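You will see two complexes here that share chain A, one where it goes with chain B and one where it goes with chain C.
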Partner chain A sequence: MMIQMENNIVTFANNNTVNKEMPIQINVEHVDIYYGDNHAVKDVNLPIHEKSITALIGPSGCGKSTFIRTINRMNDLIPSARCEGTISYKDVNILNPKVDVVQLRKEIGMVFQQPNPFPKSISENIQLPLRFAGVRNKKTLRKATEDCLKQVGLWDEVKDRLDRSATSLSGGQQQRLCIARALALKPDVILLDEPTSALDPVSSSKIEELLLELKNSYTIIIVTHNMQQAARIADFTAFFYQGELVEFGETRKLFTNPEKKSTSDYISGRFG
Partner chain B sequence: MNSKVTNRIALSVIFLCAAAMAAILLSMLGYILVKGVTSISWHFLTTSASPFLAGGGIKDQLWNSFYVLVITMLLTVPIGVCGGIYLAEYAKPGRLTSFIRTCVEVLASLPSIVVGMFGMLIFVNYFGLKYSVLSGALALTVFNLPVIVRVTEDGFRALSRHQKEGGLALGLTRWHTIKTILLPAAFPSILTGVILSAGRVFGESAALLFTAGLSSPDLDFNNWNPAAPNSPLNIFRSAETLSVHIWAVNTGGIMPDVQTIANGSAAVLVISVLIFNLIARMLGKVIDQKFSGK
Partner chain C sequence: MKVGSLNDAAPASEGKSKLINEKSFFGRFTDRASESRGKVIIYSSALLMIVAVVAITLFLTIQGLRSFVVDHLNFWTFITGTEWYPDRTKNPTFGAFPFIFGSLAVTFLAALIATPIAIGTAVFMAEIAKKWGTKVMQPVIEILVGIPSVVYGLIGLSIVVPFLRQHFGGTGFNLIAGAFVVGIMILPTVASIAADSLRAVPDSLRQASFAIGGTKWQTIWRVVIPAAGSSLLTAIILGMSRAFGEALAVQMVIGNARDLPKSILDPSATLTTIITLSMGHTTTGSLLNDALWSLGLILLLISYVFIVIIRFLGKRGESR
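For the complex of A and B:
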């Protein structure tokens, strides 16, 4: 089915904030990912700039989720997954098997498509990872809970029921809680794998606003199915197709003047 | 036949099956309770059994049933839950894992009399534990362990993958994710499985005939020193449980009120299992609420 989408309805709310000066925080070089014999991601090279939003777009099955899950080694959970190449972060190749994945995941946090708060109280959702990271002081924990919830704009909505189950929140609130939980560990990078695709439009736009705010302090990589979303919030966009990184560039340029034909076909809705 | 009719037929068949099941259960329970409740009295519950006179009770047997159950659960639950966690979370798919899983399944389907004979050969004779609470509990462990392993594994597998990913993505180690997130989330289903298996253990007789024995010493309920031969807590004494008692009384009882004793014991057994279920369910609910926030 063809979905007609004219380029001119895409808006660029974020186009003034692109900062080319931002140094590269994560550099991806020649990354190949396999599931058994299936070559899911092919020779990807991609710079991720500090304190900016990089969006990964592309049709389903193009490898973008696989790729983002490699950046904090979540693909280790899949026994058949294998990864080659270099992802350098702080002068270390993340893909090196000797890397301490527990520490890595504290610095590179992740938020998933399906909001996944733990079936525990709201405050416990934020305090559990903190306690594991060694924070024991109750006052510090309470303060951190408040700070994180304020950062995601959830504090006023939940401050009177912090001991209620997190699963009693709405989907959008749950997803913001998951982002708050990831922020609690003060990561450098936050990975978001289609964070709004299970949410209604109002909740989605709240999350988008939140991400635009968060990029002042964090590096954000987001996988999205929604091209307008990428256009609205991302500084850089990478277009994946059939496991290859077809095109990468500043969002405005990629959407208005793509170099490759398949990019322009995809963003104008000719496939995908 | 149109689909509406098919739908209605399917619904009726399912409803009938469910109703038949409930009816069988209720009529059996009703039969046992109606016949047995009249024999239950405080005297019946708190008097020792008499080998040949009328008016004996089931105090020791009742205690033995609970005691063997507790010891069995102390042995099986920790080992079974650990085994289940291993199979669900750590074991890599492969020959060894499927071999372990097959063993668990075979173990679970062993007839209990076979487990009893095995228990007699190994625990009673080879290890010299004689007819004792411990031998009985060990035999029941053989028989109950696979159930707990299975229940735990299923409980963990039923959890959403997202919970585990959420924990790991927050820099928790695998073990910490299991301990603080997955185990509490799986707890209600594990507890339900443990309750059901406890009912089975409580009512088991064949596996206990040759392991816990057909007699008990005269228990002195004032002597709680576990080393004393007639102490209720001694795990090296023989222990006839309630269900073994029902079997023994029915097959070879020479007291004049055999029927009354058998009926009363059966009713007590059923009521105990029911109470046990209810308490454990309530406990599970409370604990679940505590873990997951109000």
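For the complex of A and C:
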């Protein structure tokens, strides 16, 4: 089933796989995030469905990146950041101060806007998370390297130069390496914070294809400022505006028949 | 509108446009008084620096080669010989190896003592207690850098030497005392440069490490320190070159023996200490005076080696 909007901007290639029956993996309830006195994210409620892609869209500064960085507690690194509410994952509130953030980040991986491979060899980049987790066996490490690189379609491109520095790869390859690195620990959830905004169109579309494949095994949450990208790959889309979650729903419905006026204004390009 | 040439645009009375400077190179140089004054000051400062470096090198080379060219000492026996008896009236010998060895030993031992503490301090300042590190540690370290070396020597004399005497016997004036004093002396230099190089590691790498389940310690040890790699090494070598050139503090505690030390608990001497100790007793042009200049030349050459290594590491760091 393909739906095309009249202006031809948005193409839904993905909605035949929308799966409403997928259970909720992460449930966000009444989450407020502050930077000092700045109320950056206001009372967000949002279900994240297992093995599906949820896109967070909205104009710059709307709080979508802040919100995604709360899911694996990366905001802990910012001293002034404060977070209230409940994000339940495996019957635990992630925001509980007693949560072991190191373990949490092993289960909820993250990929950033700028590709940030370590200035080490390609294979060491994949193996470092495993070494952090205490894996020492050389054979296991080599096997994991191959598996992860194959999952992101990088294996054939780099298998002859695994010992070369990861910084010698192109931007798109580096970003796929970063995704492979996030997969090394076999997480449940992968968070992607604008993973393609620093890449050229060809590399971006490769990453999009990759995400569509990965969603069969992982829950994916992606922040994007590119609405077409959300429309192309996401099963669910959440529209953030000025720190509030304006609208959340199935991607197709949100793009073709939004309930709120600001949503339709944003997706039709009237602001943003 | 017609797109005219420059000549069309300017009034005919002024001739060519103001935009085009027709003056000669020299004319341009002296164009405006204030401009040229500034230029002269800056150019001559830069020139003076270059002239100074070249002059020192040339002077030391000419003076240092005298003992081989004029006095016909054998260069090879000079740098490998272990007997330094220049004051013997009959058959004086000039074997500088004990001092070359002493200098290098003090330098490497000092680096060995200073490096772990310096890197630890740097990690504390740049990674663990960032606020405290910049507000309290940075000024403390700057004070330590500014303390004159004679003070370090005095501390060595009153604490290190008695300690070694009590626990290891002998006089307490020995190689390890010198290395220890110099190690403490270069500690702040190495720590502050190392802290800078850790701060230069982009935050995105730390985030990447945390995002894959790295602990703070794992992030520092496996990601930040390796990423700072070559500039940390530069910090250490810079400290070593300072240790290599230090004379006064070493001289106060090393014991100043002319023989090759058999262990780190033996008194010893370095290139710098032997020059400062003997230079005052010689007359210009005498054999010993020339030999001391040769020691100075060796000192300069080894210092250049340190600088070349630092430049090389810096280049490698940039290209990565």
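Everything that follows uses one rule, which is that the second predicted complex is superposed on the first by the 264 of 272 C-alpha atoms of A that agree within 3 Å, B and C clash if a C-alpha of one lies under 4 Å from a C-alpha of the other, contacts with A are read in each partner's own complex, and residues count from 1 in each chain.
The rule we apply is simple: a contact is a pair of C-beta atoms (placed from the backbone, for glycine too) under 8 Å apart; a residue touches a chain by one contact, two chains touch by 3 or more.
What you are looking at is a predicted structure, and each value in this text was computed from that prediction instead of being measured.
Chemist: Which term applies to chain B and chain C once both are placed on chain A by superposition, clash or fit?
Modeler: Aligned on chain A, chain B and chain C clash with each other.
Chemist: Which of the two partners, first being chain B and second being chain C, lies in contact with A:Phe112: first, second, both, or neither?
Modeler: After superposition on chain A, A:Phe112 lies in contact with both partners, chain B and chain C.
Chemist: Which holds for A:Cys148: it touches chain B only (first), chain C only (second), both, or neither?
Modeler: Neither: A:Cys148 stays clear of chain B and chain C.
Chemist: For A:Leu95, is the partner it touches chain B (first), chain C (second), both, or none of the two (neither)?
Modeler: neither
Chemist: Would you check which partner chain A:Met74 touches, where first means chain B only, second means chain C only, and both and neither mean what they say?
Modeler: A:Met74: touches chain B and chain C.
Chemist: Check the residue A:Phe132 against both partner chains and state whether it touches chain B (first), chain C (second), both, or neither.
Modeler: So A:Phe132 meets both chain B and chain C here.
Chemist: Kindly classify A:Ile33 by the partners it touches after superposition: chain B alone (first), chain C alone (second), both, or neither?
Modeler: Touch status of A:Ile33: no partner.
Chemist: Identify the residues of chain A that lie in both the chain B contact region and the chain C contact region.
Modeler: Overlap of chain B and chain C footprints on chain A: residues 72, 74, 77, 102-103, 105-106, 109-110, 112, 114, 116-120, 128-129, 132-133, 165, 167, 178, 181-182, 185.
Chemist: In the complex, go through chain C and note every residue touching chain A.
Modeler: Answer in residue numbers: 202, 204-215, 218, 222-223, 226-227, 320.
Chemist: Touching residues of chain A toward chain C in the complex: what are they?
Modeler: Chain A reaches chain C through residues 72, 74, 77, 102-103, 105-106, 109-112, 114, 116-120, 128-129, 131-133, 165, 167, 178, 181-182, 184-185.
Chemist: Where on chain B does chain A make contact in their complex?
Modeler: Chain B residues touching chain A: 92-93, 160, 162-173, 176, 180-181, 184-185, 291-294.
Chemist: Spell out the residues on chain A that touch chain B in their complex, using ranges where they run on.
Modeler: Result: residues 72, 74, 77, 79, 102-103, 105-106, 109-110, 112, 114, 116-122, 124, 128-129, 132-133, 163-168, 178, 181-182, 185 of chain A touch chain B.
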